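Have a look at this one before I ask anything.
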Amino acid sequence: MVAVVLLAAAVLAFPSLAPNPYILSAGVVVLNYAVLSTSWSFVGGFTGYISLGHGALAGLGGYGTALLVTKAGLPSFVALAVAALLVAALAVPIGFAALRVRGASFVIVSIALVLILLLVFQSWASLTGGSRGLVVPRPFPDLLRPEHHRVFYYLFAGLLALALLAWWMIDRSRFGLGLKAIREDEDKAEALGTPTFAYKLVVFVVSAAFTALGGGLYALWFGDLDPVFQFSILTGSYLVLMALLGGVRNLFGPLVGALVVGIGLEYFKVEFGDTQLHLVATGLLLALVVLFMPDGVLPAIGSLLGRMRPAQNSIREVTAAELRDQRVAAAGAPAAREPVDAVASTAGERAQSTEERA
Amino acid sequence: GGDDGGSAGADDPIVVGVSLPLTGDFSEPGKGVQRGYEAWAKITNDKGGLLGRKVELKILDDQSNADRVVADYEQLIGKDNVDLVVGPFSTRLVVPAARVAEEYGMLFVEPAGAAKEVFEQGFKNLFYAAPAVANDHYNHLAEYVLALPSDQRPKTAAYAAMDDPFAQGTAYGLKEKLEAGGVRTVVDEVYPPNTTDFGSIAAKIAASKADMVVGGSQYQDGVNLIVALQQLKYQPKLAAFSTAPTNPEFAAAIGNKTEGILSPTGYTQDAKYPSNTEFVEKYAAQFGSPPEEDEANAYTTGQVVAAAVTAVGCAEQGECQKKLVEWVRTNTVETVVGPLSWDETGKPKGAHMIQQWVGGKIQIVLPAAAKETDLVYPKPAW
Amino acid sequence: MSERSEVPSLATDGLTKAFGGVVALDGATVEFRHGQVNALIGPNGSGKTTFFNCVTGMIRPDGGQVTYQGRDITGAAPHRIVRAGLGRTFQLCRVFPRMTALDNVLAAVRPVGLTGLLRGAHVRADLDRARGWLTRLGIEHLADVEARNMSWGQQKLLELAGVLMSDPETVLLDEPAGGVNPALLDRIGTLVRELNAEGRTFVIVEHNMDLVMSVSDHIVVFDRGRPIAEGPPSLIRSDERVLGAYLGV
Amino acid sequence: MASEIELVDIQAGYGRAAPVLRGLTVSVPAGQIVCLVGPNGAGKSTVLKVASGLLKPRSGKILVGGVDVTGQGPQRMLASGVAHVLQGHSVFREMTVAENVLLGGYTLKDKALIAERTAFVKEVFPVVAQRWNSLAGLLSGGQQKQVEFARSLMVNPKVVLLDEPSMGLDPKATTTVFEQVVRMRDAGTAVLLVEQNARRALETADLGCVLDLGRVHISGPAPQLLADPQLGELYLGGRPAEPTAIPKR
Amino acid sequence: MPSGALLLQSIILGLLLGGLYALLAAGLTLYFGIMRVVMIAHSAFLILAAYLAWWSHSRLGVDPLLSMIVTVPLFFACGVLLQRVLLARLRAVTLTMMSVLLTFAIAVLIEGLLGYVFTGTQRRIQLGYGSASFGIFGARVAVVKLIAFGLAAVALLTLYLLMKKTTFGWALRATIQHRDAARLVGIETERVAGYGFGLGLATAAVGGTALALDTTIYPSLHWHWIGPLMAIIVVGGLGSVPGSAMAAMVLGMLQSLLQIPLGTTWAQTIFYLALFATLAFRPQGFFGGRLAQRF
């Protein structure tokens, strides 16, 4: 709880501490990552369906918002909400097709989703502007750029809080437990009465809606859309990297991951910016996480702390005799107790006799 | 704002910020642009700098990514507090970058945003430092074709353009004019930038038996398309490709079967403008080979900015930028690509020359005033 | 036995399922009465598991009908069938490997409505009930152990606890005794009878004849995808066809 | 008589968790069947995993034919003559029965011997012959178990470790399996058998060993253990009570 | 209506293209269908091989086909190492998921290194016979494309025989399906899994060389290949080498033919449409193989 308050305070104080608009805009980018990877972890974290295609949902949110503003003339934030709803609606058929398959096939489908949307948005130039891109009008045309960043920083922070809240609510709920059961063994979950498909679809739609909100808000902030960058596998993969790095099973995992990766990407770029080595560094980071912290940073820290405590016993610490006693006691009959030692001692003798014969 | 970036101060260098695609899809032309800027800074400094201050470049890599390019200019202007900014490479990156500059009120002269969309965004601070926008590159060729006697004039044309505002713009500029002049379009193909297999496109063009083929291409796709056409033994009467044929490696790449291939260019090392002679000479000394178009465009950008700074007498963020913008808008600048002036959208008011491979060498054939040799038509077999 | 046992609980009519050339169910017509402990026995590969799979909607039968308490449930989604009151365990024991035993059991709680869905998963009442089941199956000491760290038999018991938590009226058990220690087996037998007395119907697939004979009221014997005999244990024990086809005497 | 395989003072466990086996000593004399019984989670499977090299012990020694083989992997152990049939289901699910069985003879080079063995297992387990070309994963649970056992019969090891071979088998197949175990013993193979069908196993075995809490609790000649009433109650389950004897509420 | 000549030409081009696709997808089938590793880096290795071929041609003057003498064994060794050192560390339960990310990382790494060493410039091998072709029935067949097709055919056949006719194929499948059981029948699981992976990468070496013969390469090109190749192996049926080869031929042909009316970009969507259609109607693939749904 204290952590939550501290975190919130830190996030909210950041804009006043940021020394210049650039840092502030970097903060916006990181928050956007945090929103997206948290949204991703609704699906990836709870159900274990790894989607590399969430970049596409964000892109749809962005384009949806932009088109509603430019073509339908809706006010920016109305357009954002409508776009998120539309994407959520669109997520129903997408989820319907994609969630029929599991595991690696789902990964492939999600990749295919990005690629096909890229092709469509590139080719359908009359609507989307194609490779010329699409310009999103500013929601607050009068704001100076630094102010613009500040406003959007808070908007993103709000959206993040909303996503985290939703995540937390699901995590502790029976719905969440059902989703986790799906992650562990889908058929078994179904056999226990969980409507697995409906669960998956619902959480996919929720995830899509949040992702679209993130993407749409980004579009409003950023102003220029280009299919190549909106529908990129790389974006989707960064989201996975962040969530994974932080720990998909933790509320703040994706947020922590976004902080680390966001700052890391920036750092690599500054360090190795004029060569492709920044890609190498990103690849190494991802590989290290997968190999050594497959559950993420937060759980890794947790287990490091846990290792300092004495090891937990996995073996049952009750003998059959004790179990029998419990059973008898439970049945209400007087426990026909016989000293266990007696058995043990006879056992010892017999064991010896076996060894002699051997 | 804080003066830690070093505006004012007579001895402080003038810091010019730029973000370039040094890695990623546009890295090759990006590097060319970088060399052009570096040559400009060096040549300028060797002559004593601007306003008596040294020029210092601050170059960031945007990885050919629009998100990054914005972050970069954000950093340059907001954090590094540079005195001036100049533009990146590629239309896709110019627009978002220009918006940042615009919103911070900076003058934004750029070497690469040639597509007409750039000038439809309502930017007030943007100027394209080259003779013509993409759609006008082929203007001289269009005139030439349409002026041919009707029995010789090509009847049909095939167009293949990369899905990129610049490349497509060049081909479509020509297409529009030829169609208006009665040359029928028989193939109109657009391919994504990452296309590597041109077999099918070439097959379509070959099957159409078009009299002329026009490629709205960048370097490598142009080469691939030509090779694929050659594999199919297609022999048009006229073949024009943007960008690719002017590349020094072009002839080797297509097995020296270059004869008669046409290409528009905004720059030639042999141009007689005074600053150009100096540029070619010093550039060659600095980098060991003569400059290409990308380098020249970057250099031109520098020249435009330098002219404005010298004329206005200041170089820092704030009020000064307004004056710089005002000056560029109302003046003509002598550059390595000739005198440049702009309309109110920042679009230059010139045209490109047309070059052709003749006798194993690429030479200027149009306009008549600048030609080094006569245009060969119909084109010999390749 | 009470009079309720005259009501059919689960019935199939001409249930057929073939996998390629293999006929797993060949027009199986079976009826299990309400409130009884039924056993379903038969040689390996006689179609018992396939029968369960068809009844619970895990596989769609090629033909025939499944009725549960008078309702036709043929081809319904598995979770609907479970919600209708039909719970099952798997022969190849399935638990949620990375969840604790307690969560494994809690996952069987069936939320009702939106508020139910969003209720906390670890509310007191549920926890108590879940621990209760673990205790009844003798694995309460493993409540906080992740299921993947349990031995085969422990997982088997855990799975049973989960199904019971989902509170089914009719419980289908596929080899509950497989790999379970005999001492615990008695306990499972007793538990089945107790739960039966509370009004639950059981259908048990099992090869352990001691358990089958001691616990069941009614036995159906399968061979090659169809019932070949049925009746009370005493009758089945001496049925020649059964002796030949199954017990191998 | 010399021990064919001997585990001496073994400490073993999984990952960083507390040990499962705590100073366990077992030995199997050549040509004898030793039966391990014990409650679920006692560590029986773990003993076999240690013996076949699947799990490296933390301390202690493993001797095969008097030679120290501690720390060797399963492939080397197999070469030294130790074969292990896993608990649960370990057929190669997406390979045919034929491929499964033939892989049992992976280490054999002699074509004639392979053919001879194949014919033998086909005869012992008819289902293997019947389903020779179907995917093993599509067989019923018991059928898979039979394929697995057949696979292990392809080689002729010095020591066989069997982890609940009769689980999921119908009475006929169970009888076949026990016959084969006896046959192996008679052919001079040492057998370490883990069974929950404890009475039957002890009736077949020469020596018995009761495991609890990762230690040998009692060991001795099998008939002697069977006769011990207290052991019977704790580990072997009481004699099956008559159904009527179970109180109903 | 396209002319007959154009149709014929497109069919020939489609066939040749399909052959190349088949080769490139073969390795993926191996890892994905048989070893359950989603190998995102496969196409990155293709590009790496293509770069090596280009490099040896332009710097050493060696014919790209000869470069395979080095690259094939090199890639094989690389694959063994990759499997033994990296993939073997992943937990079995999460193997499929984690392998996606791990191989993604490797792909990015390779791309980065390629970019670092060779820069992002597009490269193309300039062969003397690069634009040579011969005619049949009025259509033309480029020599380089035919060579690539031949390479594909030979490599595929070898792979098929290796998997079907040798115990190695069995051992590999057994290893993946139940590692402990495989060890218990005496299979050297570590070695076998390593070889399996090595084999996959060896196909990438051949494929990359074939690819380099007639296309441009650049470091980030591999992204372009991932989608179509993944689609092919799903359509072909996971784990079936002949299936994916069939699917590759059919899709290559369709793509080539669809370009006539639809143009390059829309024609590419055929891969994804086929993918979705497969999952919707025949999850086990159209040409035999395993169920994609559960996997």
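The chains carry the letters A, B, C, D and E, assigned in the order they are written, with residues numbered from 1 in each.
Here, a residue touches a chain if its C-beta (ideal position, glycine included) is under 8 Å from a C-beta of that chain, and two chains touch if they have at least 3 such contacts.
Per UniProt, the chains are A, E = Branched-chain amino acid ABC transporter permease; C, D = ABC transporter ATP-binding protein.
Computed from a prediction, not measured in an experiment: that's the story for all the values here.
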Legend entry - Starting at subunit B, fewest touch steps before arriving at subunit D: 2
Legend entry - Mutual neighbours - chains that touch subunit A and subunit D alike: C, E
Inset, instruction - Report the chain whose mean Cα position is at the greatest distance from that of subunit E. - result: C
Legend entry - Centroid comparison with subunit D (C-alpha atoms), farthest chain: B
Inset, instruction - For the pairs D-E and A-E, output the one whose chains share more C-beta pairs in contact. - result: A-E
Inset, instruction - Just give me the whole-number Å value for how far the CA centre of subunit C lies from that of subunit D. - result: 28
Inset, instruction - List the centre-to-centre spacing of subunit B and subunit E in whole Å, with centres computed as mean CA coordinates. - result: 38
Legend entry - Euclidean distance of C-alpha centroids - subunit C vs subunit E, Å: 47
Inset, instruction - Would you mind pulling out the distance in Å between where the CA atoms of subunit A average out and where those of subunit B do? - result: 43
Inset, instruction - Would you give the residues of subunit D that are in contact with at least 2 other chains, written as numbers and ranges? - result: 14, 17, 38-39, 41-42, 233-235
Inset, instruction - Pull out every residue in subunit C that's touching 2 or more other chains. - result: 97-98, 149, 154, 181, 183
Inset, instruction - Pull out every residue in subunit A that's touching 2 or more other chains. - result: 119, 122, 275-276, 278-279, 314, 316-317, 320, 323-324
Legend entry - Complex interface listing, subunit A residues touching subunit E: 48, 50, 52, 97, 100-105, 107-109, 111-112, 115-116, 119-120, 122-123, 233-234, 237, 240-241, 244, 275-287, 289-291, 294
Inset, instruction - Over in the complex, which subunit E residues touch subunit B? Could you list them? - result: 2-3, 5-6, 9-10, 13, 16-17, 115, 119-122, 124, 126, 128, 130-133, 135, 140, 142, 145, 214-218, 220-221, 223-224, 255-256, 259-260, 263-265, 267-268
Inset, instruction - Could you please specify the touching residues of subunit A with respect to subunit C in the complex? - result: 169-170, 172-178, 180-181, 184-185, 187-197, 314, 316-318, 320, 323-324, 326-327, 330
Legend entry - Complex contacts: residues of subunit E adjacent to subunit A: 32, 36, 38, 86, 89-91, 94, 96-98, 100-102, 104-109, 111-116, 120, 219, 223, 226-227, 230-231, 234, 238, 263, 265-266, 268-269, 271-273, 275-276, 279-280, 283, 292-295
Legend entry - subunit D - residues contacting subunit E, complex: 52, 54, 73-75, 78-79, 83-86, 90-95, 99, 102-104, 106-107, 151
